[in-house]
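As written, the chain order gives the labels A, B, C and D, with residue 1 at the start of each chain.
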Amino acid sequence: MTFPVSPDPFILAGRTVRSRLLVGTGKYADLNQTREAVEASGAEIVTVAIRRTNIGQNPGEPNLLDVISPDRYTLLPNTAGCYTAEEAVRTLRLARELLDGHALVKLEVLGDADTLFPNMVETLEAAEILIREGFEVMVYCSDDPILARRLEDLGCVAIMPLASLIGSGMGILNPWNLGIILERAQIPVIVDAGVGTASDAAIAMELGCAGVLMNTAIAQARHPVQMAKAMALAVEAGRLSWRAGRMPKKPYRASASSPLSGLIQ
Amino acid sequence: MTFPVSPDPFILAGRTVRSRLLVGTGKYADLNQTREAVEASGAEIVTVAIRRTNIGQNPGEPNLLDVISPDRYTLLPNTAGCYTAEEAVRTLRLARELLDGHALVKLEVLGDADTLFPNMVETLEAAEILIREGFEVMVYCSDDPILARRLEDLGCVAIMPLASLIGSGMGILNPWNLGIILERAQIPVIVDAGVGTASDAAIAMELGCAGVLMNTAIAQARHPVQMAKAMALAVEAGRLSWRAGRMPKKPYRASASSPLSGLIQ
Amino acid sequence: MTFPVSPDPFILAGRTVRSRLLVGTGKYADLNQTREAVEASGAEIVTVAIRRTNIGQNPGEPNLLDVISPDRYTLLPNTAGCYTAEEAVRTLRLARELLDGHALVKLEVLGDADTLFPNMVETLEAAEILIREGFEVMVYCSDDPILARRLEDLGCVAIMPLASLIGSGMGILNPWNLGIILERAQIPVIVDAGVGTASDAAIAMELGCAGVLMNTAIAQARHPVQMAKAMALAVEAGRLSWRAGRMPKKPYRASASSPLSGLIQ
Amino acid sequence: MTFPVSPDPFILAGRTVRSRLLVGTGKYADLNQTREAVEASGAEIVTVAIRRTNIGQNPGEPNLLDVISPDRYTLLPNTAGCYTAEEAVRTLRLARELLDGHALVKLEVLGDADTLFPNMVETLEAAEILIREGFEVMVYCSDDPILARRLEDLGCVAIMPLASLIGSGMGILNPWNLGIILERAQIPVIVDAGVGTASDAAIAMELGCAGVLMNTAIAQARHPVQMAKAMALAVEAGRLSWRAGRMPKKPYRASASSPLSGLIQ
């Protein structure tokens, strides 16, 4: 019997991570729902917007760490809301202090507040500084394969291209660019932003991504906790499908002279 | 806590079926692989091409029932290879004899051997005869919403539109037609044919299908047993995602005056 | 010099037609706009809904023939609004009387008023009767390649599959089915219904269609007369592009082992 | 009568250009075919790869200017084959000498020879230098809306995002990013690279692009001269269609509760 399959550990920055689904903590009704959804997702890595979330900066206020315990989850501080390299670097230095020297971070430097598209020039600058300071940088980026490679060359530990705009739920708009990045990267490629539904997550994994990070797709579903579970299954399904090796597509007689040839060549 | 979710039984022809993934038995390396893949899929309903598979017609030859036991699985005889209503009806009468009066069947009447597209005129005719004779007819059909409705009105127990050509692995080519069928049907709609990878199955379920039937996508994967498991997870993920209610898509500023408006309106 | 190109006449029912763009006459602001748009479209064949348009049935009322002269245009009576073979046949017999024995007609038998999707069973029945009575039948149909072939075998002079629902402007939802029809048909295949913008018309022609019929895309554009001209150019562009033979698509390294292979194989 | 339409001049760097189709001169069978295709395209602006094409650098060899006369066409020197800002700047300085002080240029700095994807960091650097030196810079770029804006802010006279990889003929892979660029740009946005067939060009224009630049789609068509003509028509059709204002898309009952809602919202 060829099943169960061989081990397929997810290695990130030298650590083995138990789930390929990474989740955010924003946009939930309350901290209790956050806790339930994160739990249902099975995620180990949970990302936290340092500028928006209290993880100890504001003593006396509700603290995310009360429901997402650092003993159980790997917290991934992120720089949501930062528009310059300088802001992002400062924010992550603060996070490191708050989290007792924690080095694994998610860098995002945004281009503007309307699109939340990354500013790649500032992102490159911030990545360089952070890596020099010993951070392990997972980096939100565009799907530009040349710049993705440059981030890898700088020493980032994971490349995190957007599938579509943050919070848009539009799915993977350009699987071709993502594919080029995947074919070349030696470090994990994790789709970050744009996933809207379970099949989007499965598609990302079937393209060969190492993981998927999402927040809105779960938090803004009608039933977030159920959606968290659906996403966990979808990531697993997509990964297993990728490993199993899909059948080739066989369009009807796509000969060179066929009217269909333009569709698939 | 809103999770675990409320029950979501799959009721087909009055019975509760334990999996929304239905599988075929053709195109495997051997009967052992068939058994392993079917088992890994978690399917309860297993469809059998009566014209191509020995379920007792040819005594002394390998018998599918030795690996797919009717005690454990619900066998679904199908009419693969039939090109007229008459052939299909005759084939299913034979199946009923071989299977001791078994009434649940899958009707497919093909238009030609190149496309394996259904012949809808013959299909309607066969469905009418079979229903009159007491069969419970699940019916392979095109994605024509008018004819799908007619099949329902005749008394079929499930409508099974193709996603794309049998064995093509092209996925759901026209989700819009499928959506119209889904919005109107009072009986289960099960995508039959064309699924190629796990995300295709998830998409079918997210559209609201009651189930997915596949064969080639599993049997012709590089590792069929792993793919069977991937498909089981994908069907579950898609179903749960559909129940959870996905977030709305939020394309960037798609105002009427925007260059993007044509893309989404 | 290889240009100008060889002649490319559009032969329909034995006649040479001067434009591959066919247009309807409904949904315009007034008869004057109808006239201007039809003129700008360059169409020779202009289809008229006999049940909705006065071409002489109602003496004393505005008559379409006053602006669309039968001396200049080939009028194509159609059966819009008919839901049974019987209604459609009756309507076209009336049209023949009103138009002095005119035999070229467009048959459409609708499945319901919500989708305006064709009822293919009634369509087949009506086609058979009309052909027996000497009509030259152009036939609105689904994109089902088996039934399209049957309509050709019955003796229709053109097959007119919908691109998407009438009046929807959704474009060609399933180019694959259309491609199978095109590969097999010996008579002109004309996309009828669903075109929304100029590129939709170009795509239809690039697939190898002999022509495109549209109404809403022109009449409901912000500037119908300009859109009529745009459509004329798009049909010509698409036809010439198809004849010129497009370059092959060359996706980036789509090797079997590439993450991109699933996208294009 | 609302037709003919109001004037729609294409203003680029302060000049009125007579065609929105811009063409390249590479990959043709010979200079004669180049001449015929360029003529059939109706283009005024013709781009020339300075590193690959003799426009006087190599006296005694065939000279492109003999068939593409600067009296008749606006030559647009480009930096195809340059991988650094420095190479690109040097190449365009040479072009300016060869062309008697000609300031309008197309900058492209490539990321690597496999993808020919732009290197946006080097592109920004080169653009800055060239603008300082008085060049009028049209710039090949990715579809990153933040960097496109930055190029505009630097003073480029046209933004030229790729539709897909140079020479791939894959069409517009991400109309959404292109749409964001279009919505924000105050200077002409011209799709450069990736167009494969006439409808691709029409789609670019319908999104609101000011023009389309192509080479391979014409030169590598089976009949380049015919394809050049098809492209001219397609660009005109797409532009006119965009100006005419397409009908809204009307998907079947896309209510929030519909299975179709995920498809279009």
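As a working rule, contacts are C-beta pairs under 8 Å (C-beta built on N, C-alpha and C of every residue); 3 or more make two chains touch, one makes a residue touch a chain.
Since this is a predicted model, take the numbers as computed values, not measurements.
> Expressed in steps between touching chains, what is the minimal separation of chain B and chain C?
Each step joins two touching chains, and the minimum needed here is 1.
> Compared with chain D, which chain's mean CA position is the farthest off?
If we average the C-alpha coordinates per chain, B ends up farthest from chain D.
> Looking only at C-beta pairs in contact, point me to the busier pair out of A-B and B-D.
Taking the two pairs in turn, the one with more contacts turns out to be A-B.
> For chain A and chain B, let me know how many angstrom lie between their CA-based centres, rounded off.
About 34 Å, centre to centre.
> Just how far, in Å, is the C-alpha centre of chain D from the one of chain B?
Chain centroid spacing, chain B to chain D, equals 47 Å.
> Where does chain C touch two or more other chains at once, residue-wise?
As it turns out, chain C has residues touching two or more other chains at 115, 170, 176, 180, 196-197, 206, 246, 248-253, 262.
> Can you tell me, using the touch rule above, whether these chains form a line, ring, star, complete graph or other shape?
Here the contact pattern is complete, since every chain touches every other one.
> In the complex, go through chain B and note every residue touching chain C.
Where chain B meets chain C, its residues are 111-112, 115, 117-121, 124, 142, 144-147, 149-150, 164, 170, 173-174, 176-177, 180, 196-197, 262.
> Name, in rising order, each residue of chain C that touches chain A in their complex.
Those in contact with chain A are residues 175-176, 179-180, 182-183, 206-208, 246, 248-253, 256, 258-265.
> Which residues of chain C touch chain D once you look at their complex with the stated criterion?
Within the complex, chain C contacts chain D at residues 1-3, 5, 36, 40, 114-115, 165, 167-170, 196-199, 202-203, 206, 216-217, 220-227, 229-231, 233-234, 236-238, 240-241, 243-253.
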